[in-house]
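Following are the structures in question.
Same chain, two partners: chain A is paired with chain B first, then with chain C.
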Partner chain A sequence: MNSAQIEIQLIASLVAVACAIPGTFLVLRKMAMISDAISHSILPGIVVGFFITHDLNSPLLIVLAALTGIITVVLVEYIQKTGLVKEDTAIGLVFPALFSIGVIMIAKNANDVHLDVDAVLLGELAFAPFDRLIIAGTDVGPKALWIIGMILIITLTLLIAFFKELKVSTFDKGLATSLGFSPAIIHYGLMSVSSVTTVGAFDAVGAILVVALMIAPAAAAYLLTKNLKKMLVLSVVFGIFSAVFGYWVAHWLDASIAGSITTVLGLLFLAVYLFAPNKGIIAVLYREKQQQAEVSLITFLLHLKNHSEVEERHVNHLREHINWQKVRAKKVLDLAQKNNMIHIENDVVSLTEKGETFTSKAIDYIITNEDAQIEDMKDDFFLFRG
Partner chain B sequence: MEQKIAVKVDDLTVAYNYKPVLWDIDLEIPEGVLMAIVGPNGAGKSTLIKSILGILNPIAGSVSIYDKPYKKQRQLVAYVPQKGSVDWDFPTTALDVVMMGTYGSLGWIKRPGQKQKKAALEALEKVGMLPFKNRQISQLSGGQQQRIFLARALVQNASIYFMDEPFQGVDATTEIAIINILKELRKAGKTVIVVHHDLQTVPEYFDWVTFLNVKKIATGPVKDIFNDDNLTKTYGINYKVSIQE
Partner chain C sequence: MDLKEYFSLVFNDYTLRTITLGTAILGAVTGMLGSFAVLRKQSLLGDAISHAALPGIAIAFLITGTKDTNILLLGALVSGLIGTFWIRGIVKKTHLKSDTALGLILSLFFGFGMLLLTFIQKQPNANQAGLDKYLFGQAATLVESDVWLMAIVTGLCVLVLLLFWKEFKILLFDADYTKTLGFNTKTIDILITSFIVLAIVLGLQTVGVVLMSAMLLAPAAAARQWTNSLAKMVFLAAIFGAFSGVFGTAISASQNNLSTGPVIVLVAAVFVVFSFIFSPSRGLLFKQIRFIKNRRDLELNKTLAFMHQIAETHEDISHPHTIKILNNFQGYTKGTLKKLVDKGFVQLQGNMWSLTKLGYTTAANLYNQQTDSNE
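Then we have the complex of A and B:
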C-alpha cells in the first residue's frame, strides 16, 4: 500500500464514522429522508460560498452549506405544519427546488472551474490525496482529511456531552420538554451536525454516498442490537468496514470508489437483513414455523387434558378428532414425545407429569396473560417470548 | 386550615392552527388530591396537561405550580405521557427508561451515576418490574410498559404527578397495581392528576374530579360534584352513574 492509498482509506473511514453518528439518530427519529434532502439542498450554499471565496475547502463553504441544510429542515417543517401536505411530500418539494437553484448557478457561472454536477453527486475520493494542506511550507496531509477530522472531533464531543439529552429527546419528546431539555435545541443541533458532516463528506464522497453512509450502517445496526450505545458502535464499525473494503473492491474492479463503498454498504445491509439473529428475515420465518408447531402442540396437550376417555386418546383417532393431516399429527406427536410430555401405551396417549404442569401453566398464561409464571418456559418455547 | 393550591390555571386558552381546543380554563387543584380529568374525546384533556407542563404553548392565560411559573418548578413535577406517544422499538432497556426520570435533576450534560441507578432500581421494585429491568422495552407487555412509565415518574420524586391515561390498554391486575401506587402517593401528601376515561371507576379511584369539554364544566370533590347533571353537561347525553358512598 502506498501513502495515497492509506490516505484515501483513512478519509473514507473518517467520513463513514462522522456520518454513522448523526445517522443513528436520524434512523431512530424516522428522519432518514431528511439526510437525503440535506445532502442535495446544501448545493446552493456551497456554490455561493465558492463564488465568494473561490476555494472549495474554505470554512465559509461549510458554514453556508450548513445554513442551507438548516433552511431545508425549517422549510420542510413549515410546509408540513400547514397541514396541507405530509412530511414526505414536503421533503420532496423542498430539496429539488434548492438543489436545482444550485445546479443553475453552477451552469451559469462556474462552467470553467472545478465544480460540476458529477463531482457533487458522486465526489471523487481518488483525487483527495492530491489536494494537500501546506502549513508554513510543510505538507501536513490532504485537506479533506483535516476537514473531516475536525468535523468528526466536533461530532464526537457533542455526542459525548449531550448523549443523555439526545437519547431522551429521541425516545420521548414530551418527557424531554417537561424535564427542561429543549427538544428543539437538540433537534436543530442534530440537523446542524448532519449538515456540517454532509458538507465535509460531500467533496470526498458526493451527495448520494453521504446518504448511504448515514443510513445503511445505522439501519443494519438497528437490526442487531437492543442497546443504543452498541447501536452507535456497530454503525461506526459497519461504516469503517464498508469504507475500507469498498476501497479495495474499487481497486480490484478498477471502478469508482464511492460506488464500490455504496455497493458494499448495500450488501452488508442485505446480509444483516437476512441473517440477523432476532430481527432477520430467516430468524423471523424460523420463529413463525416453530410457533406454529408449538401452538399445535399445546392444542394437542389441551385435548389430552380435557378428555379422559380412551377412545379420544387413541393414536389413530387423534387425527380424526383434532382434524389434522397425517404429517402434522405425526410431527406434533413426535414433538410432545421428545419433550417427555406424553407417553404412549398400547397406542393410547396420556400426559406425563411434565406434560400436565406444562399444560396448566400454558392455559394459565393464555387466560391471565401474566408473564411471571412462564419465565422458565421462555427458553424452550418461542411462543412465550412475546 | 386553608388548603394549599398545588396547581393554578388562569384563563388558559390553547389552539391548534387557530382552532381553540381549550377555552378560557380557570382551575385550582388543591395539594394532596387524587384528581381525575374526565371528558369526551377531543375535550382537550391531554392538551390541558401538556399546556400546564409547557409542552404546548397556550395562546392566552397562565399556569403556576405552587405560585411560581412551571419553568421554575420543574423539579416538583413528574409527567407520565400516553403510552402510545413513544416508539417502543427504541433500542433501550426498562432500567434505562426509568433512569430517564432522573435526567431532570441532573440538568444538561451531567451523566447519571450509581445514585441514579439505585433510585431507578427502587422505583422498578415498587411497580413490581425489577425482574424485567434488563428487558428490551419492545419485549414488554402493554401493562408492563405502563408500569415502566410509572416507575420513571416515581424516580423523579416529585410533589405533583401528571398522568395521561395510565390505564389505557392495561389488564385489570396492572390497573389495580397502578391505582394502589397512586393512592399511596396521595397518602404521602403528593398531588396526582390523571386523565381518565372510565367513568365507572371515578368514585372508587379518585377523591377529586374535573369535568372538561373544551371549557371547564366543573371541578371539586367527587362526592359533591360527580353527578348526572355534570356528566350530562360534559358528555351531552344522559348519563347515569351510581355513586357508592
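Then we have the complex of A and C:
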C-alpha cells in the first residue's frame, strides 16, 4: 500500500463517518429522500461559486452550495405548505428544476469552465490525493482530507452537544416542543449539517455516493437494532467497512471507486436485509409461516371443541370442512398431535385434556382479549408473544 | 437559428421533426402515467426507477456487446422492475419507510451502474463510447425507429388505460374498497407500476436518468391544479407534457450548447409554477384574492352590524347619527361606508348617516344567512 492509497481510504472512511451520522437521523425522521434532493440541487450553488472564484476547492463554494441545499429544503417545505401538492411531489419538483438550472449554466459557459457535470455527480476519489493543501510551503496532506475532517469534527461536536435534543425531537416532536426544544431549529440544524456534509463530500466521492453513504448504512443498522446509539455506531462501522473494502474492489476491477463503494454498500444491505435476526426477510417470512400454522391449529382445535358428533370429527371430513388442502391438513394434524392436543382413534379426532384446557383458554383470550389469560401459553406459542 | 426558423424547419428537417415528435410523445405518455404516480403518492418512485435502470443498460451492453437501443432499454426495463419490486419488498416486509427504501435503491443501483460503466470504459471495446449519454440523455440521438417505439408504447398505454380505467381509478382512491369488491388489487397495481417503469425507461435516452423523474411529476402536478376529475387531469397532464417536450426542444435547438433534457424540465417547471399561481380554484393568486375579498366582506359586515346595534337603540331606524361615532370602530373606513351607501344599506346626509330599511333588515339577518349580502 502506498501513501496515496492510504490517503484515499482515509478520505473515503472519513466521508463514510461524516455521512453516516446525519444519515441515521434522516432515516429515522423519514426524510431520506431529502438527501437525494440536496445532493442534486447543490449543483447551481457550486456553479455560481465556481464562476466567482474559479477554484473548485474554494470555501465559498461550500458555503454557496450548502446555502442552495438549505434553499431546497425551504422551497420544498413552502410548496408543501401551500397544500397544492404532497411532500414527495414537492421534493420531486424542486430538485430536478434546480439541477437543470445548474446543468444549463455549465453548458452555456462550457468554453471557459473546467467543470463537468459527470464529475459533480460521480466525483473521482482517485484524484483526491493529488490536490494537496500547502500551508507555508509545507505539504500537510490532501485538501479533501482536511475539508471532510473539519466537517466531521463539526458534525461530531454538534452530535455530542445536542444528542439529547436530537433524540427527543426525532422520536417525539410534541414532547420536544413541550420540553422547550424548538423542533424547527433542530430540523434546520440537521438540514444544514446534511447540506454541508453533502457538499464537502461530493467532490471527493460524488453526489450519488453521498446519498448511498447516508442512507444505506443507516438503513442496514436500523434493521439490526432499535437503540439509537447502537444504530449510530453500527452505521459508522458499516460505512467504514464498505469504504475500505469498496476501495480494494475498485482497485481489483480498475473501475470507479465511488461506484464500487456503493456496490459494496448494496451487497452489505442485501445481506442484512436477508439475514437480520428479527427484521430480515428470512426471519419475517419464517415468522409469518409459523403464525399461519398456529392460526390454522387454533381454528382446527376450536372446530373440534364445537363439534362432539363423530362424523364432524372424522379426518377426511375435516379436510373438506375447513377447506384445507391435503398437505396443510396433515401438517396441522401432525402439529396438534405432537403437542398432545389431540388423539386419533379410527380416523376420528378428539381433543385430549391438554387440548381442552388450551382451547378454552384460547377462547377466553379471543373473547376478552386480555393478555393475562395467555401468559402461560406464550411458551408454547409464537403467535401470542406479540 | 431562432425560434421562427425552428418552427419552419420542424416540418421539413428530418432530425428536428424526429426529435420534436419524440419529445412530444414522451411528454404525453409520462404526463399520463405521472398523474397516477402523483395521486398514489409515489412521486419519487420515478426518480428511484430511473436511477435503478442504469445497471440494466450496462449489463445489457456487457452481455450483448451491441449498442442497439432496444436491447439496452430492455435491460433498463428489467433492472427498473427489479428495483421497483425490491422497494415494495422493503416497505412491506421491514419497518423501513418508503423514503428510505427509495433512497436506498436509487443510490445503490445507480452506484452499481456507475461501477459497471467505468468497468466497461476500461474494456478494449471501441463500441462502448456513448453509453453515458443515458445519464443526461441526448435527444439528438433519437431516430425514427425510437419515435415509432415510443408511439407504440404510448398507444398501448392509452389502450390499457381505457380498458382498465375503472380499476385504476378505484384503486387510486380507495384501495381497501377495491379489494372488498373482489378486484385483484395486486394485478392492477403491478400493471400500472409496470407501465410507469416502461414510460421512464423510454425517456432515459431523451432526458436521462437524473431528470426523468421531473418529466413524470411536473406535467401531472401542473394538471392537478386545474381540475378535480381524474380523466381531465390525465388528459391535461398529457397535453402539458407534450408541450413541454415541444417547447423544450424548440428552445434548446435555437441556442448553442443547450442540452434538451434540462430545458424540457425547466419548461415543465414553468408550467408548474404558472399553474400553482394562476389556477382559478387552487392557485395561490386567486386564493389570495379570495382571502382579501372575504376579509373586506367581513369588515363591511362588521360595520353594518355595528350600525345596526346603534340603530336598534332608536325607535326610528333611520334616525341619523354622526359619522364620527364610527371612527373608533375597527372595520370602519371611508371605503366601507361608501360601499354600504352603494349597496343601498346606508344613506348619507352631510356628516350624518342613517340606516335604510333594507340595510336594517340585512344587518338583522346577517348571521342567519338569509340574505345574499355576500354577493
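Simple rule for what comes next: the second predicted complex is superposed on the first by the 291 of 386 C-alpha atoms of A that agree within 3 Å, B and C clash if a C-alpha of one lies under 4 Å from a C-alpha of the other, contacts with A are read in each partner's own complex, and residues count from 1 in each chain.
One rule holds in what follows: contacts are C-beta pairs under 8 Å (C-beta built on N, C-alpha and C of every residue); 3 or more make two chains touch, one makes a residue touch a chain.
Please read all numbers here as calculations on a predicted model, not as lab measurements.
Student: Under the stated touch criterion, which partner chain does A:262 make contact with: chain B (first), chain C (second), both, or neither?
Tutor: second
Student: May I ask you to decide whether A:172 touches chain B, chain C, both, or neither, giving the answer as first, second, both or neither?
Tutor: The answer is first: A:172 touches chain B but not chain C.
Student: May I ask you to decide whether A:159 touches chain B, chain C, both, or neither, giving the answer as first, second, both or neither?
Tutor: Neither partner.
Student: Classify the contacts of A:97 with the two partner chains as first (chain B alone), second (chain C alone), both, or neither.
Tutor: Once the two structures are laid over each other on A, A:97 reaches chain C alone.
Student: Does chain B (first) or chain C (second) touch A:222, or do both, or does neither?
Tutor: both
Student: In the overlay, answer first, second, both or neither for which of chain B and chain C A:209 touches.
Tutor: Second partner only.
Student: Counting residues of chain A in contact, which comes out ahead: chain B or chain C?
Tutor: Of chain B and chain C, C contacts more residues of chain A.
Student: Could you tell me if A:180 is touching chain B, chain C, both of them or neither one (first, second, both, neither)?
Tutor: After superposing on A, A:180 lies in contact with chain B but is clear of chain C.
Student: Name the residues of chain A shared by its contacts with chain B and its contacts with chain C.
Tutor: 30, 222
Student: Using the touch definition from the top, list the residues of chain A that touch chain C in their complex.
Tutor: Residues 27, 30-33, 35-36, 40, 79, 82, 84-86, 88-89, 91-93, 96-97, 99-101, 103-104, 107-108, 110, 117-118, 121-122, 208-209, 211-212, 214-216, 218-219, 222-223, 250, 253-256, 258-263, 265-266, 269, 273, 279-281, 284-285 of chain A touch chain C in their complex.
Student: Any idea which chain A residues touch chain B in the complex?
Tutor: Touching chain B: residues 28, 30, 83, 161-165, 167-168, 170-172, 174-175, 177-181, 222, 225-228, 230-231, 368-372, 375, 385-386 of chain A.
Student: Please name which positions on chain B make contact with chain A in the complex.
Tutor: 17, 50, 53-55, 71, 74, 77, 79, 81, 85-87, 90-93, 97, 100, 103-104, 106-109, 111-112, 131, 136, 138-141, 144, 152, 171, 173
Student: Can you tell me which positions in chain C touch chain A when the two form their complex?
Tutor: 38, 41-44, 46-47, 51, 89-90, 93-97, 99-100, 102-104, 106-119, 122, 132, 135-136, 210-211, 213-214, 216-218, 221, 224-225, 257-259, 261-263, 265-266, 269, 272, 276, 282, 284
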